[in-house]
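Letters A, B, C, D, E and F mark the chains in the order given here, with residues in each chain numbered from 1 onward.
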Amino acid sequence: MILRVDRLLTELPPPSTPDPAGARIVQELLGGKFGEMSTFMNYTFQSFNFRARQQARPFYDLIANIGAEEYGHIELVSAAINSMLTGASIKEMTESRNSQQFIAGGKSCLPQDSMGKPWNGDYVTATGDLVEDLTHNFFLETGARNNKLKVYESVEHPAARALTGYLLVRGGVHQVAYARAVELLTGADLSKLFPAPRIPTDKIPESKVHLEQGEHAKLYRFSPDDYKELAAVWKGPHPETGDDLVVIDKAPEGFPPVDLPSEPDAFAPDYAPEEIAEIAKKLRTQAGLPEIPTGVVANDTN
Amino acid sequence: MILRVDRLLTELPPPSTPDPAGARIVQELLGGKFGEMSTFMNYTFQSFNFRARQQARPFYDLIANIGAEEYGHIELVSAAINSMLTGASIKEMTESRNSQQFIAGGKSCLPQDSMGKPWNGDYVTATGDLVEDLTHNFFLETGARNNKLKVYESVEHPAARALTGYLLVRGGVHQVAYARAVELLTGADLSKLFPAPRIPTDKIPESKVHLEQGEHAKLYRFSPDDYKELAAVWKGPHPETGDDLVVIDKAPEGFPPVDLPSEPDAFAPDYAPEEIAEIAKKLRTQAGLPEIPTGVVANDTN
Amino acid sequence: MILRVDRLLTELPPPSTPDPAGARIVQELLGGKFGEMSTFMNYTFQSFNFRARQQARPFYDLIANIGAEEYGHIELVSAAINSMLTGASIKEMTESRNSQQFIAGGKSCLPQDSMGKPWNGDYVTATGDLVEDLTHNFFLETGARNNKLKVYESVEHPAARALTGYLLVRGGVHQVAYARAVELLTGADLSKLFPAPRIPTDKIPESKVHLEQGEHAKLYRFSPDDYKELAAVWKGPHPETGDDLVVIDKAPEGFPPVDLPSEPDAFAPDYAPEEIAEIAKKLRTQAGLPEIPTGVVANDTN
Amino acid sequence: MILRVDRLLTELPPPSTPDPAGARIVQELLGGKFGEMSTFMNYTFQSFNFRARQQARPFYDLIANIGAEEYGHIELVSAAINSMLTGASIKEMTESRNSQQFIAGGKSCLPQDSMGKPWNGDYVTATGDLVEDLTHNFFLETGARNNKLKVYESVEHPAARALTGYLLVRGGVHQVAYARAVELLTGADLSKLFPAPRIPTDKIPESKVHLEQGEHAKLYRFSPDDYKELAAVWKGPHPETGDDLVVIDKAPEGFPPVDLPSEPDAFAPDYAPEEIAEIAKKLRTQAGLPEIPTGVVANDTN
Amino acid sequence: MILRVDRLLTELPPPSTPDPAGARIVQELLGGKFGEMSTFMNYTFQSFNFRARQQARPFYDLIANIGAEEYGHIELVSAAINSMLTGASIKEMTESRNSQQFIAGGKSCLPQDSMGKPWNGDYVTATGDLVEDLTHNFFLETGARNNKLKVYESVEHPAARALTGYLLVRGGVHQVAYARAVELLTGADLSKLFPAPRIPTDKIPESKVHLEQGEHAKLYRFSPDDYKELAAVWKGPHPETGDDLVVIDKAPEGFPPVDLPSEPDAFAPDYAPEEIAEIAKKLRTQAGLPEIPTGVVANDTN
Amino acid sequence: MILRVDRLLTELPPPSTPDPAGARIVQELLGGKFGEMSTFMNYTFQSFNFRARQQARPFYDLIANIGAEEYGHIELVSAAINSMLTGASIKEMTESRNSQQFIAGGKSCLPQDSMGKPWNGDYVTATGDLVEDLTHNFFLETGARNNKLKVYESVEHPAARALTGYLLVRGGVHQVAYARAVELLTGADLSKLFPAPRIPTDKIPESKVHLEQGEHAKLYRFSPDDYKELAAVWKGPHPETGDDLVVIDKAPEGFPPVDLPSEPDAFAPDYAPEEIAEIAKKLRTQAGLPEIPTGVVANDTN
């Protein structure tokens, strides 16, 4: 089970110039073969299916815990796409290659790749064989890094750049984590494979800010009380920087999301959103809730 | 972002007689059009894409919070399938209609339906139109209830019965919740639509135990600090029983999962799992972790 | 079985300025999840699979009869797309996002959505459970209305506007019909859910003309001798306008289709269409058919 | 547009011993690449997309009219499958390879093939090039005949045999029709290609009865007033029997369908179908309809 | 088994102005329903599955041998696409409808069609029935010719024109070959069906050059020692030109491929390709290989 | 381009007791995500798309050459499946989970996995990034080895055992080759990852025979004149056995395939195969071919 926290893992800029063309490209990081739906679901199913986990606890904890972090990544990619679509005119939406972000999504993301192909369960590899799954995961993160770098190159919108800059650093953590796990289990030395693709991460300005905060060397524990054996795997020097790998024994604090404005021409949340607001207000009052909404958003005007 | 808790939402019996034929049927509840991957991803994407959420906070909180509970449901279905496959011989696995639970999954579940078709993103409807999405969700829960009832009828294995008995009750909560939300927004009265399908839930012994504990009338808040406006929607009488709908202001405690044994003939977690265990033990010691694994499992022998 | 009538349900303007970009968007109404292939096939299969139909005749007649009307809708969407593609240059066709309307279709529509994804049988829900299927159908029409509104907004070509203006009214009839059926079976009151999405249909000029003719309140009987019990369900006031719902005991007269011109650069019907015409003429003579083709088309020059 | 007639093209036996294993095989004739959904949709879309049809009227009429007949074939295959599933126990349904005929279909057919793969729009070839489309259609009917023969061999249930016996004869008509059309347009002689596959149709007892009634040489006109130029193509000797090809200037009379009984354990049409019947009865009375249902079914007990 | 020869079947021009928009269209000839993956895999699987081949040796040899030639066609289409993408800027790649040629392919082709839909095994028809498979193959080549003609019309890039000009001639050979095989087996006369589509091939300048070399009448034997019975089928006059059909008892010589330059911004073959080159050079030396690479490429500068 | 050689890479036993249930499982090795279609197409497309190959010749040669060998593997799996289906009764075919091996394939294999899902182009990863593609290939071979081991365990039919015994050894060669390539490029040491899955290959009797012939240490050159730089990568000790890795500078001799008998009830190659044989014989004579078929098959009775 999970507890959901209504905060984003990194800060995204507020909506600016709409960029449906870019938003369509960013979909690859959400629903593509190497997108965050894939990393999330691969590790989640591997953890569900982990047999004799008690005997191999550090590896179970690693996979389960990284799976939990990946949820935050699908959330983040979605927020970036939605931000990029905010304020787009119908004409801009329609001229975009991804017509369904408007027609099906109401100016929002969808679980599909940059060509509009829906994410599917075939992208999950969960064989139950621990060494094989870890090897797969190392490769999956390599493919994901490739795609993040290319989306970074392709899209200049500030939300996309903030997104990819952050994901490159955190995806790199997972890439290292799976390499370490393979090494500790087999004795193989994968450290020379970094970085893969072989472009130094600190060449990306939007990544560098996170590197400077040491985010590339930290593994957060995304649980109130579980997954306590991460340190048995996440240790030693970072293969690129040599920094000590450290476990942070709690989740990061995160950032409140921007409450994106309504888009009445997409009926999101309604053709006449003020009527929804009216009803909600009344219901809140009836329920004895405070007059000001309890939710915390980045652009709260109260 | 999420915090993951290594507990299951209900108690499942320990592995007993293997039932690959049944486990194949239960896949429909995991990766089918009306399975838990669908409910999880529908509500999750709807919450990601919710515009002007601050103004409609009770509805946003409802969808986001139910989405969080659904994660626990994919986890639970997976645990039930894996339990049903535990101890199955290769011959039993191969004679099952779902050959990939063995070949691809190593005697485990996969994100696919009962015919082996992978779950895909087309099963997600997230239009951004609040009334439409809620109407959809009410229907989705109706279809899910239909499928749970049929799987209940089809599979007699105790894990499947415990699973479906529980899911019927909790899925019913979500069905009521979305009906209530539609009612409060539009004035339409959906209460006469219950139960749908029109078989009383208390006819199912494995559901009745949960009904008696009032689980059909409780909406848990699956978050440390967020989604506090559920009570603005989740209120009034239950359409079937008349019981007061109540918000429980925290997540349920849950139950530790069974640590399913290794299946060496499926290389899960290895052909020689004891070697993995040996390595893990050493790593735990090196990391200064306690000698006994820190994870809590139902069948802990320490 | 069916009898086919070579007329369209509404009048479409003759080809004008080609609009492949628009034609690609309109595909969503043909082969999308909420397109007319979906409404047609959902109701058709539900009618095929209707058990104990004699006992529930009014509901069977309703579903079967609406299914029959939907055939006319896939025909209409196809005619609109083909009209929009008529006269497009190869360059225009190739620059369109949907390259297959040229390469596979010869400047014509295809059974796929606006992203080129083929329609598929997963879009059909036919559970056999009457209340569930009707609930589903109400939701399906809601999703279809959403998509029609968005295509209306997106595409200004007169054929697309005539199409969507008409479909919004007739789709609305089906939405009301399924709501009425649910109400009569369960007692639930869905009338407050109209319109959904909540934009009044009479705001659309191309719909208004049909509203003024009362098309929103009429259910035609699409059969020479069957489906005579529609009036048991289709009765009472229209939930939006209050007009009396009336059954028209025959199909509408319809309009002859435009005979779209050949497109030799797409080999439709041939690289040298005049040779086809020559052969056809000879065959007609040999068969003792009148010199002038017997078919009736809107642009008949004889 | 179409008018729907609530009759089947041939007589099917009433339900007898249930045969879910056979019903799963028959799905190939419904939703397979060479199934009736394919023939129906190929010819229907080809007719929608037919350019300069007035000049090539006999060929347009042929394709449009055969398309209309194919609707009756998807109806017939569906009826056969549903009949074969009638009365099956849940255990029988669950042990069948096609678990979704129960879980999704409520003991009914689905638009998918014998492996559970949904029919999809990629199975439609509608290029607009008349000779190419006709060549394709000849091949499609050849593949369809292959599959019908194999299903005939595979399934002994009387409904399946009645179905395939009939479809082999009528599919043969379409195969001849497209061959004739190609011949008349190009001068190529395809008559030596019959039968294909090269097993004489009269070896099939269930086909022979239809051959003896001359059904292999008749092309029915499935329209009140259109498609009057069929005789320009459908003429000359039958390539296998030498019989004169004749156009029947109306649709066949058809047979009333069997009203299949309810399946309460599949909630079809309900868990308590008698309640549905009660409501329907009341509604019929309120609407001034006769006490006895107006629909005509084969097993009417009134 | 195969022996691979590192040469292309025809000469392609060296990279010139990049044309991602055109390269996206050419994908239809690679991974489309009628693309070269389809012809290659159809004939290959038909040859694998050919029963009693010794008794029907000329037909087996024909299918197996054409299958071998088709490998060279997927190679050729790939080379053309890759050439068209060479030197494209990231902006050009991203503005193309096919975003995955950059993100997934690193400025290269992918096994998908012009809409980005992956090629799939459903495009293979291999029934084992010889006459049926040959009939299918004749139709498949007809569809392929249609698509090649349309891509020729759509894309003016010299690589695309050289490609389609060549493929039209060689595809025509296969179309004739299958027609001949059907004729010899059944007596049907398909020669009047040529050309199909009915545009004379010699109207295409880029085809004419190959026609003048008699390439339309030659069937090469793509094997060192097998498939020696081609002449039993490939004989008689060409249906369009009347030229004698001749078997060439060896494979064509072919042309060395252009070694396309690295694309560092797509990490192909690396972000720093000179480092790869350095390592390769060292390894070659260590292995005692000559200093100059042994491979033969069109643009060898040594 | 390729030259095709009509021989199999290893010897398969002649048909014995039919085993459709096993043949369905073996499909996973043909059309599954980790099947031979995947290995063949991954390496083939990677070689097509290899940029600056002259500078990195040893790696290009390695990938292209292994791609060529993989063709022989899809051929071999197909032959094994077809052998297992030979002589199966219609009843046996129909009771098999894979109904399409009979209905679509005529008692033959199809390009689909063990659940009947068609192979598709999404299974190809060809990023252009050399290190990434090699890393992927190492993982792909690991997954393929897992599946081969499981099919070995699942199916006892002698053809399946001969197949998997052989493929395990040759797949192991490719796994080592890609590991070596990664090592030489990056310095990472993957040798400790062998075997993966961690079951020693020599535990498999049907593999042991090939190990004893040193097949695990040989890389054959599958080309008359190309791919001459394999030795720059394929060198050093085998990571499991320590044997020297050696390049064999030609393709293996191979074995003639068994000519599988006709299956008239599946129309393969015909309902009356003797008529096909008759025609073929006549054609051979007319063409001046020797009386005895020229093809070489294992079971030649001449």
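Methods note: a residue touches a chain if its C-beta (ideal position, glycine included) is under 8 Å from a C-beta of that chain, and two chains touch if they have at least 3 such contacts.
These numbers come from a predicted model, not from an experiment.
> Tell me the fewest steps from chain A to chain F, where a step is a jump to a chain it touches.
1
> What chains do chain E and chain F have as common neighbours?
Joint contacts, listed by label: A, D.
> From chain A, count the fewest steps through touching chains until chain E is reached.
1
> Can you grab the rotation angle between chain B and chain C? Superpose on CA, round to the nearest 5°.
180
> Of the pairs C-D and C-E, which shows more C-beta pairs in contact?
Here the pair linked by more C-beta pairs in contact is C-D.
> Pick same or different for copies chain B and chain F, depending on whether their interface residues overlap by over half.
Different, since under half the interface numbering is common to both chains.
> Where the CA atoms of chain B average out and where those of chain E average out, how many Å apart are those spots?
Chain B and chain E have C-alpha centres separated by 49 Å.
> With centres defined as the mean C-alpha position, give me the chain A-chain C separation in Å.
Spacing between the chain centres: roughly 41 Å.
> Quick check on chain C: which residues sit in contact with 2+ other chains?
Residue numbers touching two or more other chains: 33, 97, 104, 115-118, 122, 125, 127, 129, 131-132, 146, 197-198, 266-267, 270.
> Per the touch rule above, enumerate the chain pairs that touch, sorted by label.
Applying the touch rule to all chain pairs gives A-B, A-C, A-E, A-F, B-C, B-D, B-F, C-D, C-E, D-E, D-F, E-F.
> Which residues of chain C touch chain D in the complex?
Residues 1-9, 31, 37, 41, 44-45, 48-61, 64-65, 67-69, 71-72, 74-75, 78-79, 82, 104-112, 118-122, 124-132, 184-185, 222-229, 231-233, 235, 251-252, 254, 259-263, 266-270, 273, 276-277, 279-281, 283-284, 286-289, 293-297, 300 of chain C touch chain D in their complex.
> Contact residues on chain B for chain C in the complex?
33, 122, 125, 127, 129, 131-132, 135-136, 138-139, 142-143, 146, 182, 186-193, 196-198
> If you look only at chain C, which of its residues touch chain A in the complex?
Touch list, chain C to chain A: 21, 24-25, 28, 32-33, 97, 113-117, 146-147, 149-151, 153-155, 197-199.
> Tell me, which parts of chain A touch chain C in their complex?
Listed in rising order, the residues are 90, 93-95, 97-100, 102-104, 115-118, 265-267, 270-272, 275.
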